[in-house]
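Order as written gives the chain letters A, B, C and D; numbering starts at 1 within each chain.
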Amino acid sequence: MNDNTRFLNNRRTDLALEERESFEEDDVEIKGVVLEEEYDEEQNIKITRVEIKDERGAEAMRKPIGTYITIEAPDIAGADEGYHEPVSKLVAKYIEELARGVEGKHVLVAGLGNRSLTADALGPQVVDNLFVTRHLVREFGTEFAKRNKMESMSAISPGVMGQTGMESSEILRGIIEETKPDILVVIDALAARSVSRLNTTIQITDTGISPGAGVGNNRNALNEESLGVQVIALGVPTVVDAATIVQDRMEEALRKRGFSEQEVYQFLSEMTDQDVSNMFVTPKNIDDSIKRISYTISEGINSVFYKAPTAAQS
Amino acid sequence: MNDNTRFLNNRRTDLALEERESFEEDDVEIKGVVLEEEYDEEQNIKITRVEIKDERGAEAMRKPIGTYITIEAPDIAGADEGYHEPVSKLVAKYIEELARGVEGKHVLVAGLGNRSLTADALGPQVVDNLFVTRHLVREFGTEFAKRNKMESMSAISPGVMGQTGMESSEILRGIIEETKPDILVVIDALAARSVSRLNTTIQITDTGISPGAGVGNNRNALNEESLGVQVIALGVPTVVDAATIVQDRMEEALRKRGFSEQEVYQFLSEMTDQDVSNMFVTPKNIDDSIKRISYTISEGINSVFYKAPTAAQS
Amino acid sequence: MNDNTRFLNNRRTDLALEERESFEEDDVEIKGVVLEEEYDEEQNIKITRVEIKDERGAEAMRKPIGTYITIEAPDIAGADEGYHEPVSKLVAKYIEELARGVEGKHVLVAGLGNRSLTADALGPQVVDNLFVTRHLVREFGTEFAKRNKMESMSAISPGVMGQTGMESSEILRGIIEETKPDILVVIDALAARSVSRLNTTIQITDTGISPGAGVGNNRNALNEESLGVQVIALGVPTVVDAATIVQDRMEEALRKRGFSEQEVYQFLSEMTDQDVSNMFVTPKNIDDSIKRISYTISEGINSVFYKAPTAAQS
Amino acid sequence: MNDNTRFLNNRRTDLALEERESFEEDDVEIKGVVLEEEYDEEQNIKITRVEIKDERGAEAMRKPIGTYITIEAPDIAGADEGYHEPVSKLVAKYIEELARGVEGKHVLVAGLGNRSLTADALGPQVVDNLFVTRHLVREFGTEFAKRNKMESMSAISPGVMGQTGMESSEILRGIIEETKPDILVVIDALAARSVSRLNTTIQITDTGISPGAGVGNNRNALNEESLGVQVIALGVPTVVDAATIVQDRMEEALRKRGFSEQEVYQFLSEMTDQDVSNMFVTPKNIDDSIKRISYTISEGINSVFYKAPTAAQS
């Protein structure tokens, strides 16, 4: 693989899966990166597990060392409620796996993003459907919690910097310092490269969220190193960067017409994204999709941290 | 102008202004279309008036015969509240002009679009800030209304077909039949071609809204012919079609590299929009922009139909 | 029963059940009114059926002739999701019974009330969770609908007069005229007398909604007589009138201290409600309750008019 | 004043003004409490300043030592926009006074309360309309801020315990620890005794918010002592406690009928609030009132901490 190709692929995706796909020969092992796939034909759900093992892998993938699990469920966009249960069970399974056990732990869930921007409202909408329990556990005691199979869960939607004047990381660091959770689960809307992954894919990782990963901007990162607690990040791609979509379509068109690698490279490097920076592409039915998938994720999280909701009511 | 060029420009815009710009030689008169421009340097506001005079003009512009006034106010996206007043005054002025007088008339305002999709929420948000008066006029009488310089205003946000199972035109036709307004003002989010026009431009027209204009789909149109009342449509472009943005960037890149008209045409005609159909491009701060500009429009409408709000309170 | 008692009980309730309870001797038959009760001990759900048979009954009950079914499910306020299913099944059962069959019918659901006032948002929230199908049936045909066990459903939240300047009845009459449904289902928040019924009780009736029932204000009524289509009204008490709660507590206190019927009557008739008119009493957790019970009702309605949602997706 | 009377008046109000009124002889000085009144006849705005000077005053008033300024503006509920300006100017004036200067200070504004419960949404709605600047000041520097007369403002709506599992005080303490503001301004919906004060009255105090004041529950208090920063609390009464309204009406009725102090006392002490605890009374148009008054307060706060918004844009 030559550098030019790498440049062309140097477009924004928050999915480790897509980063991995950007390498041309799909079958060749990238050093330091392990890829596993599973497919449930009946449910039409594909699970991909990308493990970045060492620094070499991290550099190649431009993502931190850790485990990235992707649930691809193309049918989840549809209206069938029955389909959501297997997906929410998978969400629960992988959160529990990455958390290495949740019993007796206090979890803080943070719904990142802007509540009033549909494509960015995933995090706040997930939080709106959580069944928080920390105040109950504190009031009625751990015996009560144990009897009801209830861990201690708290949750917050910190808003975005344009609304608060603060970084989400500042707000969360303060709350963590004050309330001492064992695990932070962060929910966020992601950017994908492929339009077909929008609102159908859930990525769960134990690496947290690292804006501008590797650039030393660690203060704004939400990960174990910066926060001192275990961090699990759960994201759904809801947008594609407008510049990325333009470049991808153009590259595809040029290749189809027989342009050489070199020519494609030259062509694209002359383009400017100026007027589409700060623009994103999103589907027209994004409101329905977000409502649906945020509900599925809430169900998954609720079921991890409160295993017997029925009993507790009675 | 050859046909190829026309084809290339055959992309979606709801602005008569942009349709007019798509003709190559800007200075040449298009038969049946009159263009006038005005520029207020101090306020940095440009007014363009496109009059489509006859069928020939309508065909060339692919828009119905009538008047299209566009207010371009690039600074309206900023935070300065003082700037909104001149824009809302212009909105009021042109509504009043196109309505050919409002005294003693009953106006129904319809805020089209999907309240839960930020880029489509312009109409409902405008309606949320209106000061409706029809029930007051009915209760306290026309003498009261006259004394308070209050016309009769009603308003509705009919929702979108995916939420209601009905066309907006069906809902509005029923309400008009029942409540007999003299004027319908429809507010809607539009699609533009140029990213720079998003959330900075207001189009006001006396032609109403004609989905698939000229294709005989008149039943869903919202215009005087189909509804039997005067219709004024007020729109703000909030999105660019994703396929349009891809094609426009590509065309620009190809031209810059010296491709001939014919080659550009061939190139683009081979592209497929498949995976970006039903996708739109919108700025990241669309929530703020919509909140701001819908408030400006509400103020404009309120001031047309209720000229002395202060007096009425006392 | 003397007149004084009747006066004391002359306070606002939208529940036929509570109107019936206001008669002192519960066991004595009121002429023209039949009462039946059922109790499901396991689920702790009580069903009461009040049938007003004739004019005499209507006058005594101050409600129109027809059937009033009340589902009292005190546990529905709790967080247990499993509990909602039996309630939503009962909702479906009684809608289907009162509609005397739904096959091949087109239903319009109207969510009355003010979306931005929590205690009044029941109707709009129910509509937000409906799976409307009318546009699908029109696009894909009745064969498609039949195969998928889908009736034609449309829905609207018309807003309140302070927002629209129009009566809900005007808006709905227009839409009905235009779209010709066979059945109108109206959802509305109700006023109860008893605090304990708030958010735990669902009333379903085939009499529609008659503001100021019997006062000749029929134009604003939503019933078969005024609209020309079958009307089923579904309501949940979410508030108690502030004046009612004050009078009830006072009456109770006076009786407890041995005041005579006559004295209680005199005492209360001297009170003025002036400063609590236009005030209502509602529980602090009304937001959770409304969210929960509106979801239960949506599920019930969806299951009546779309019996095989899963199949339709595949 | 005898103890019985005091007991009768021992009902919930968050307004120092109403606490003061509960003392029978209005003209007699309460030791340790200074009362000043001002009335602007033209604007129909009354300003009351209650200063609690020492422990004796604090005990009598059941409120912490400090200054309580109340703006009573009965006309603010109306639709006249012109009226809001003088009120927002008063809000600005008293915040600046109680803050003893704001130049060069960093303020954090906290909008307490439940966004999805209309009567409790004042705080979040105020925050939604703030113009936060802390991130701008950090990015562009203090020179830029100074030139634009912009102080550093951040803001958060922490939600309520049922949504987050955390006390607001925990969340705010963490954020304050992390971001080090000089002043905390807390906005909250209050409970009043008098229905006529709902949504027409603004209380501004330098004592912060002390739930269960004086009961040693200091950990949940939001005041200078517990947080280590200056705290200004700004509140608007939006509800009356249901038990309070019942007792007040009953007391009034009993007195009118000539019951003695002793008898009234006995009567009320036998009543139970059981079924109206956790219930509140609120006006039917609370959504409009909250929208309006929260906008007025936002304007006031914005103008204190950003004195030249226009200049900054240019």
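The criterion applied here is as follows: a residue touches a chain if its C-beta (ideal position, glycine included) is under 8 Å from a C-beta of that chain, and two chains touch if they have at least 3 such contacts.
What you see is a predicted model; the values in this text were computed from it and never measured.
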Worksheet item: Starting at chain C, how many touch steps does it take at minimum to reach chain D?
Response: 1
Worksheet item: chain A-chain B contact: same residues or different, taking over half shared as same?
Response: same
Response to the item:
Whole-angstrom distance, CA centroid of chain B to CA centroid of chain C, is 40
Worksheet entry | Separation of chain B from chain D, taking each centre as the mean of its C-alpha atoms, in whole Å | 43
Worksheet item: What whole-Å value do you get for the distance between chain A and chain B if each is reduced to the mean of its CA atoms?
Response: 37
Fill in: chain A, residues touching no fewer than two other chains
162
Worksheet item: Which residues of chain C touch chain B in the complex?
Response: 127-128, 132-136, 152-159, 161-167, 170-171, 173-179
Discussion item. With touch defined as at the start, can you tell me which chain D residues reach chain C in the complex?
Written reply: 114, 116-119, 162, 195-196, 240, 242, 245-246, 249-250, 253, 256-257, 267, 270-271, 275-276, 278-288, 291
